[in-house]
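There are two complexes below, and they share chain A, which is joined by chain B in the first and by chain C in the second.
And now, the complex of A and B:
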């Protein structure tokens, strides 16, 4: 019965309740939507980095991590790659030659990171093959070809089929020059990547460096990202002499961004709720002051103060939950619409590309957040009810009945 | 007017608790908004300052098309008189000529790509304070034949002061530039990006090395205030002559400008939501204050009080509630922000590593730009004006007879 009375009481002053309901609904739907955007941005950053370059796991030698010299390559890399491929849960394994060097064209030159790859293996690990905007992806049968970022090509004033000279230091420190032809231009979400990466065939690099095949980095893509911890520990125990790292170790800033975003947004939602707390308290306080006589009366005929307090708490919770319900529903509707259509942020495309964020944004809200939000809402309602509740229970029935507000 | 103010003030305190709760909601919102915007703007200023003040300058003069291609072939001859004429502009504080290129630096078996910049040592130091970054050895002098390396670069090459490094590069019009240069100093930069890639030669030596006598790739200008940017730019453009481009830092770094705009838009969206919530709170309070006084209004109007006078008093009440909150917010916020402005919060652990990875120093700087404070006052004031529409409409349409009986 208390529940029914509490519910009906909310609607005694419709205007007042509607104002506060609108505030709660707008605050929460706005909060949920901005959470969706921020989490969407963070996911876009992480996914683009994993898809484009990092993969899930990378293996190097300890020496290469300390000093990325050519000779610090992974011993017996071919066998290691073969063994890794036979493990379960592997989507792709790619061995990479990594050398810092200079890309020169008749127009100018630019410092680059040269990555020697086996085209098929790399395509199973990263999405680079799908990012080709002009020309074609690398092909093992096409000797001395490279693919470079569109931004780098613009800077060097080169097109598809143009000649490009790569120079880098060989094993003995002498400078090696190699002439390549551009097979294709790629464009990823990251401006830095597009300006600084040159992909060449691993065989060409091996020939230029002289001697046996060289692999500095093995990148692994898992079928499922969740199986990372098991994969990491099994690879680590199989190759104790190598450094095996997940993308979280390789790019701690991404890991932090991904983890911090959820916390930050929950904090932001808590701030909105704190802002709402004032409004709800005021509404409930007014509602109590309006009914001083009524409370005096029911207490005089024997209603327990505990029940009066409970009634006010129930009213506050009902008020907050109805507003939150509407707010959450609105938020979810807006989210699901924008998840289908995407939000076009191409006005900011260049700025976002510094951080490797796609300009088409798909907002996303982790499911747990709704539960955490629910808990916060109830806490807010309780917080808002305390003062009006105490106010009501402190009434002296005899005086309250005679109050004419 | 004084009487109205007096009445409005007294009306506010007829229900103390309610007014206090509403005011504190505004206080809370303003304080939060101040801290958040100060933090955002502080980091933008800092990002701009690190690229503009430490390296780029507000304005640069290049050969036509240099900025896109960064080729030494687009270098220009800038005579000493020309530099003097740029410097004679009263707004221009520093004029810094440079000759930049990418080269391979090697020592022993280690080779690394580096950016090498030929500088006029005293001018460069005056603008960017480069000499203070010397970690070991000495700074360059005019006509110096030595090289300065960033610590990261030096560590990779295992080069120390007194060692020699080999430079390979492409000079003017494709000639090969190669030389064996002694390391005279090691520079420590706060950002790993710079630390791992930067090296400096004297301008004269760089011109000799790249076979570009008298040529520079860029002239960086510092000006006394950002507000004069457009002005100075057009004056410099007239002076610079043909076959040159004059660019502001915004044109040179459109990505930075955009990423700041995007981030700022996100922050404004969040504050907007918070202010909407707070605005409804004020509106609710004002609505209650108006409704419970409808009888009083009825009496006053029926005994001859002018409606506009009543409206003035209620509008004043609304504005007082909000501005009181905003005022207390400022009084509390300003000293806190001032302290944080003078003592930026240092970050540690993962967060610090993340900042460094994005090329920023691991600190949270704050801004004291007056715009932040003005903006909050304007927002709160507008909220109050919007909320005041309610009593305004109620009083205009109030029927005294009906109100008396309510």
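And now, the complex of A and C:
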């Protein structure tokens, strides 16, 4: 019955309750949507990095990690790759030749990272094959072809089918030159990536390096749902002489961004709730002041102070949860719609690409954030109820009964 | 046996720099079945005395025994518990909970006593019938007349099975017909159930019905007259 009374009491002054419910609902739905955008941006950065280049796990030799020279390749890389492909949970495994070099055109030249790949294997690890804007992806049968970023092509003043010369230091320190034809131009979410990467066929790179197959990096993509720590652990135990790292180890700044975003947004929501706390306190205080005579009466006839306090807490929780429920529902509806349609930020595409963020944003809120938010809401309600509750329980029944509010 | 015993009750208010004596050495007993009116001009100490008897205020000096228990030095929470189980209250302004129906208002006090739901329902219906509100049990206070609301208040006071009912100016806000009807009900309960009623009042209609009239003036008890024979 106390619960019923508490619920009914919320609606005694409908206008007042609706005003605070609206404030809570709009504040929370706005907060949830903002959180969705921020988390969406962070996820976009992480996913684009994983899709574009990082993959989930990378393997190198320790020597290559210390000094990325051509000779610091992975011994027996083909065998390692074959063994990795047979492990459970592997979506794709790609061996890469990685060389720092120079890309030259008749117009100018630019420092680049030359990545030798097996096109099919690489397509199972990254999304580069799907980012071709002009021309076509690499084809093993099409010798001496490369794909480069659209931005690099603009810088070098090259087009599809144009000739490009790559130069880099060989095993013995001599400069090796190779002439390639541009098969396609790619455009990813990262401007930096597009300006600095040239993808060539691994066979062409092997030939230029003197004939022995060379792999500096093995990139691994896990199937969805595969546990990263488990995969890391099994690969590390299988190849203790190699350095096996997850994308979090390879790009700690991305890991930090992903982790900090959730914490930051929870903090942001907590600030919104802290602001709402004063509004809820004010509403409950008004409600108590309106009912001084009633509280005096219930205490006179035998309602204990702790029960009066509990009733005010219940009313505050109901009020807060009602507003929060509406706010969360609104937030989830807006999120669901925008998760489906995406938010087109192409106006800011150039700026976003600097940070590797897609211009089409898909907001996302992790489920655990709703639970954390629920706890925060209950804490806010409890906080908001304290002062009105104390005010009510300190009333003297004999005086309160004779108050004409 | 006396259900209320007041011994040398004094009450001095210290709200201002000058102490104001409200009650001066009141000594009296109330017997079970009394239908007693406390009368006197404004400022004579009627409400203060009623508050002290009801455990809503404590005397500066003296002893208040209710059913043999000294409540004059009880802690606030113990007093609340005591009031719940021993004293019924009827207030001048009805003081019902507006969001509850008549029946729920009556049940509310039994809820505080942790009476099981089935018994609460049964007793609430019986009491509301006894005050003539069988047709209005599910009406909210705003749908009831002043007289009907005060009858709900009487029903609520009786629902906790108190030793006595304190009624502070119960007819002050009622028209003549409603006041007479309410007094009829209370008098009937007094006669049939030996329920003890204490009124503080200015109302001659209440004084006329009272079986005993205690008159206060300037905080002193100046007369204590039995006007009708005792029911028990």
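Quick note on the criterion: the second predicted complex is superposed on the first by the 400 of 405 C-alpha atoms of A that agree within 3 Å, B and C clash if a C-alpha of one lies under 4 Å from a C-alpha of the other, contacts with A are read in each partner's own complex, and residues count from 1 in each chain.
In this section, contacts are C-beta pairs under 8 Å (C-beta built on N, C-alpha and C of every residue); 3 or more make two chains touch, one makes a residue touch a chain.
Since the structure is predicted, the reported quantities are computational estimates derived from the model, not experimental observations.
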Chain touching more of chain A, residue-wise (chain B, chain C): B
Contacts of A:2 with chain B and chain C, given as first, second, both or neither: second
Touching partner for A:354 - first (chain B), second (chain C), both, neither: first
Partner chain in contact with A:12 - chain B first, chain C second, else both or neither: second
First (chain B), second (chain C), both or neither touched by A:300: second
Which of chain B and chain C A:398 touches, first, second, both or neither: second
First (chain B), second (chain C), both or neither touched by A:368: neither
First, second, both or neither for A:230, with chain B first and chain C second: neither
Contact footprint of chain C on chain A as seen in their complex: 1-2, 5, 8-9, 11-12, 293-294, 297-305, 307, 397-398, 401
In the complex, chain C residues that touch chain A: 51, 54, 56-57, 76-77, 80-81, 83-85, 88-89, 91, 93, 95, 97-100, 104, 107-109, 111-113, 156-157, 160
For the chain B and chain A complex, residues of the former touching the latter: 17-18, 21-22, 24-25, 28-29, 32, 68-73, 101-104, 106, 108-115, 156, 168-170, 174, 197, 254-262, 265-266, 269-270, 272-274, 276-278, 280-281, 283-285, 287-288, 291, 350-351, 353-355, 357-358
Contact footprint of chain B on chain A as seen in their complex: 15-16, 19-20, 22-23, 26-27, 30-31, 34, 37-38, 67, 69, 71, 100-102, 104, 106-112, 154-157, 167-169, 171-173, 175, 191, 251-253, 255-257, 260, 268, 271-272, 274-276, 278-279, 281-283, 285-286, 345, 347-355
